[in-house]
């Protein structure tokens, strides 16, 4: 059974019908990416899975359980974590406190300490800035912090929403390296990216969204070579 | 979405309903209203409020419930009603056993008598339980009976109870318009005559059935009307509306006109504050300051008493001065707060409001402003030698002020300045980066708001012929703020609706006496929960496609 | 913003005149008063101590405002009613019967503790109920909307409790152990005032540590910043908010008990003015900041107490104490002109363009 | 309106006619909402009890329409307009607050009604050069009377020569304090400090310290209401220099709640107010009824004035009312004339006699002293 | 070609932090140029200094024939003819798209509010013309038909365009764009790139942008300045910049992320 199974979900913002029947699956250990134009519904999909939004129709099962209607904060205890669009670091809390919040759902002191080590190993920059208030970090540092913070929940499924947005190219490289690293350590990844080329180059599979619907689904390598994808999302003419 | 309820949940709902009516009882509300008979010899307003809570809970629960067959909801309704009576039953037994009154002074013998129907506690309790159960069933049945019966039934109930509740006001209108003879037919004392109530109920019921059947075709006809005809119709409507507004005092009679005048005073203030808060987004909690200034300037300039300036000012000559002084204060008080945002602004303006009031009441300016004793003997406005004394006459002064303010507010809103204010409200920094001068934009908002408020205050002073510093308290600021938000922030028609609801309605609820502000509080909460965007929210004007739509219209 | 206003010469001039006028008036008044020397040193210390005690009460209430503001960014107008409801109920159901039966005289400490606990519980209950019914459904609504429901709740509770317990002033029993004065470093201070100051300081320190150091405290701060992201951390935001209201109401409850001890009479309307003052204090200190609320409360209490005698008396103003609110609010304006974010407030994180 | 079968109304400003089984209708306009509720509710209780005691007039039951004066001018005006829009109302008991009384007096007078106030004390209301209107009466004491009585008592009986006066910005308290101060100085005393607090204040120590520093006076007069009065009394005892100072207040603080509010600190303090004739049998019955009906003792002192005010109107209605079979006709001017002629009327606040501008209160102000939780009349 | 904007020694300190450090650029009239640099380098701060949001701690900013604009308020800077967009979109969210553009025209509207009250001819005419112009701009940025929608209801890309339309409404001589393609996919970025070029060619304004998308930057810029820790570390044509080892180290990295093939040049 797949780790995450999303079945024909419809999500609304008031009257706006944002998701018009999205279905997707994520297997344990995979990197799956969602790509699509602005406003296609990528963020909405992640927010619906993570419990911040409730779909009006459809079902979502995670680790074999139906999770529609389960509030977001409970899902964290089921080892699902998400790095929201725009990073969302707690600006007035220090880097360390942000990381602590990441492990809010856990009690195992040893495990937390181990994961902290792991985060610092992955992002040595954060270690240097341990005491700094997160709001004063640079954009890239904030992105590292957001990813590191999600790792502190020691998730089985990590969802990332545009981790490369607004980052300098060097940092984009670093963040993607980190994602691959995290995945290697056993975390399943669901990745939303505008930088489709890079996303597809590290992913196993990909889904293409268009105005709230899935229009294409294939192995990442295939998608990269798909003409439509190349034209519409990779900017190759 | 329909839900299923467990028995425990249903019992909890019942208990919640019981808690609500228990609260209403122990604070004395029910007992007070029990003195107000609605239909002579049948039941009182107290009874209505007694059963309102179980009714509402039973209705809502059965509405949201998933069920098959009709027995389940009726049964649920009964349980909720019956359970709701338990707290009251406990209360009446307690009242017999110990002297609760030393703690809760409103648990009076009259209340207990009401709750036990004047019977022994045991018998009374059984009766109450049955009554509540039946009410629950009744409420549940609303979800079962077909729509074509339910709608007339609801209509008939609402209208009958409505006119019974406001019978006092109706009574005085009926008496002066229709004469004493009809009064006897409709009313019995202050309550409705049972026979009339039945007839009226049946009439509304019948009419609604007829309307439900025929109304659709009527509406269709209206919609199919030729555009020209439709235009005529809407023009006709506007003319009718204008006529009604013009002759309102004749329709309303003196008391309701007085109420309308008070509403008008608040509308004037509301229109001003709507510019400051609604358009420009500057949260002002001390708006009463300018109202007070307008009133005091009018008082000092025109009073015939010892404090008057005695410089030959009449209402009309003093009016512009009041407005100008208020406007100047708007600017002067505006300057120090230019750099403050959001809630900092709110509390500082609140402070200004208090400062003005405290200064007016203080011994410091006793010789000019009258201190605690206020200013008396302010003349009423004169119009070509006629003193405008009656509410029906003053109405036109208020109306003129309101119309002027609406006119100015609308024109400004649709101008560059109006857009500047809104931009300021949305994002101060970016607004500035668009090239606008924040200082003058903000000060214009404060000044215009203050001008309207000053105008309102000046009329207020002259209408009352006396002013006291205590009239200018924080509650006025709060009330004006509430009314623009309840009406729909930034919306000019919203100000009217808000003022009617928050000033007019409480005025009609005078009977509820000490519970008026309690009701006011509940009203604020409920309205915000139900319609957080306000009753008549601001509609942004269509501009891009307007011209085409208009073309469309003309072509047809 | 400050920076920019300075560039506007005309405006800067007016503000400068404004500030200078206030400061000159204050100085002039002070000098005139000091020259005239109407008060003994003892009178001054008494007035200051009274101001500190009053300010402590403001501080405790202000904390509730600040906590709620920090998390929900709303002015909780009903907070004064949380303060009133607890002590009203405890007085009617606990304190008065205890006093009538003589229990309070026999076991004053236990008695007062029971009163304090009941007060806090009732205040907390009212706060939670209010939050649940009037605020929670409006998460995400424009900010003015919960402000209006808060005003509604304030009216509702005032008149609810009036209906419940009646509108007359209720005496709060006097306890012998708290009657009289003690001598601290040569200054005679009322025992009740000492209690107020000590309890306030303890509560403030405790609360500060709770919010800054504990995991729960941090989760509240996190929820304050971004509710959705906090949820993604596993924080139950509704619970965090309830907890915030609980702490604020507990402080208000304590303030209620202290108020009753000092002033020994209570009333259904007693929450309104202290509520407004405390709110002012919270803003003065920098809304959102706990130490700020404490400092703002103290500042306000002292200025209200000392200000009329110090600034106005010398200027020959009749009945100067009538104008203490004018002093309080003028100080507020003065402070905010210099520091628009309040004494300890963080500079409104100017959104980066 | 149409009259009974055989009656012709000749009254210059009209008549009220009650048909068969129609109740005689009174209106009250008292403050029954907001922070001053106590005052109005207390008066309203007095009105209701008076109506209960009276029972009926010529077989017509008596009905009360209770309005709220909101203790404000606008509230008074609105209540007034509502009352005068009802032609079946024969008389008004109100208002509580002088501020509400000013516009209401004008409105009702213009419409031909009569009104008796249980608690307006502002001199302006019975001053023909200021806010007086025909048809206005009051059973409450003009501040001029009460303030002067206290000054006399203080100077002549207590023999104090220095005093301070404190008001709270309410017109009633400010008026009394000022009249007291003026009279006290006229008698040759010294007012060391005339000052004020605000309604809603709790911490009175600063102002009391200022009073102490100014003298300290031998007596402080603060004719305020229970809440502020309680604070002033208790805190005065704690301020250095005022330990020996005599405390005095007015009828706003004659109530069981005030006794409890001042607590031990109030022991021995003085109160000016009406002579409630505590030995008076009628008053005792009144108190019993009150306790039974409302579950509490009266909340302030104005129930007594309200009781008398109601009785004044009702007995005049009875006197001038023309019984015409089952009909009852009351001439509005006749009612005013009757009220004008009130003289030597025995009420629970004393013997009432109206002067030409409607001041009807017994000029006999008493001063009582709080001893062991009871008000003992000590003067005259 | 003349120089339209020239900054001399511009420095901005926040407490101890030097966000912009003696930064100097000369922007040529009617050119498209870019400022790039790592996150936190001080690019946005530099923009804020130019537009009056911040007063530079030191330095001069000279705009359009020797006008010194450092220290002016944002509204004054706008009146001189500079307008901008924001890194995080900042539209007037509860106003319609058209209204947003109308506000943008503030600089050119002259009627007094008194005229508005009396609806004078001049006022009516000016409003009509303003509306026409707004609709024209709306069409220009490709938002026809969306004019009556509230700004916050528009899709992200549309919001970006609307922000540009609003900036254009003040008829600026110089337009500053702060990461205009953030959050767009490569395809949309390329569209926007064409649009920017069209702007310069058809409207004839000078454009200075901050951008992290190297395809865009390299594709349209005529001149590039690279900023790191507030200082200029390189300047030149796209080709020069791509080859600059300092830039590669501090900013571009291996090139995988930027989609540029650094080894071979272009």
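Some notes on this structure:
We call the chains A, B, C, D and E, going by the order they appear; numbering starts again at 1 in every chain.
The rule is short, and it goes like this: a contact is a pair of C-beta atoms (placed from the backbone, for glycine too) under 8 Å apart; a residue touches a chain by one contact, two chains touch by 3 or more.
Model, not experiment: these values are computed from the prediction.
The fewest steps needed to get from chain D to chain E, moving only between touching chains, is 2. Counting C-beta pairs in contact, the chain pair with the highest total is B-C.
Rounded to whole angstrom, the centroid-to-centroid distance between chain B and chain D, based on C-alpha atoms, equals 33 Å.
Per-chain CA centroids place chain A at a distance of 49 Å from chain B.
Taking each chain's centre as the mean of its C-alpha atoms, chain A lies 44 Å from chain C. Each of residues 8, 159, 162, 166-167, 318-319, 322, 325, 353 in chain C touches at least two other chains. Along chain A, no residue makes contact with two or more other chains.
Contact of a single residue of chain B with at least two other chains is seen at positions 105-106, 358, 361-363, 429-430, 433, 514, 517.
Residue ranges of chain E in contact with chain A, taken from their complex: 37-40, 87, 153, 155-157, 179, 182-190, 212, 214-215, 250-259.
Put simply, chain E touches chain B in their complex at residues 51-53, 73-75, 77-79, 83-84, 86, 90-99, 102-104, 106-107, 109, 111, 113, 116-117, 119, 123, 127, 131, 134-135, 138, 145, 147-148, 150, 166, 170. Of all the residues in chain C, the ones that touch chain B in their complex are 1-2, 5, 8, 11, 14-15, 18, 69, 75, 92-93, 133-134, 137-138, 141-142, 144-149, 151-160, 162-167, 276, 279-280, 283, 287, 317-319, 322-323, 325-326, 328-330, 332-333, 336-337, 340-342, 348, 350-351, 353. If you check the complex, the residues on chain A that touch chain C are 50-52, 71-74, 76-77, 81-82, 84, 88, 90-93, 97, 100-102, 104-105, 135, 149-150, 153.
On the side of chain D, the complex with chain B involves touching residues 1-2, 23, 32-34, 37, 41, 63, 65-68, 71-74, 77-79, 81-82, 84-87, 99, 102-103, 106, 110, 122, 124, 130-131, 167, 169-171, 173-175, 194, 196, 198, 294-296.
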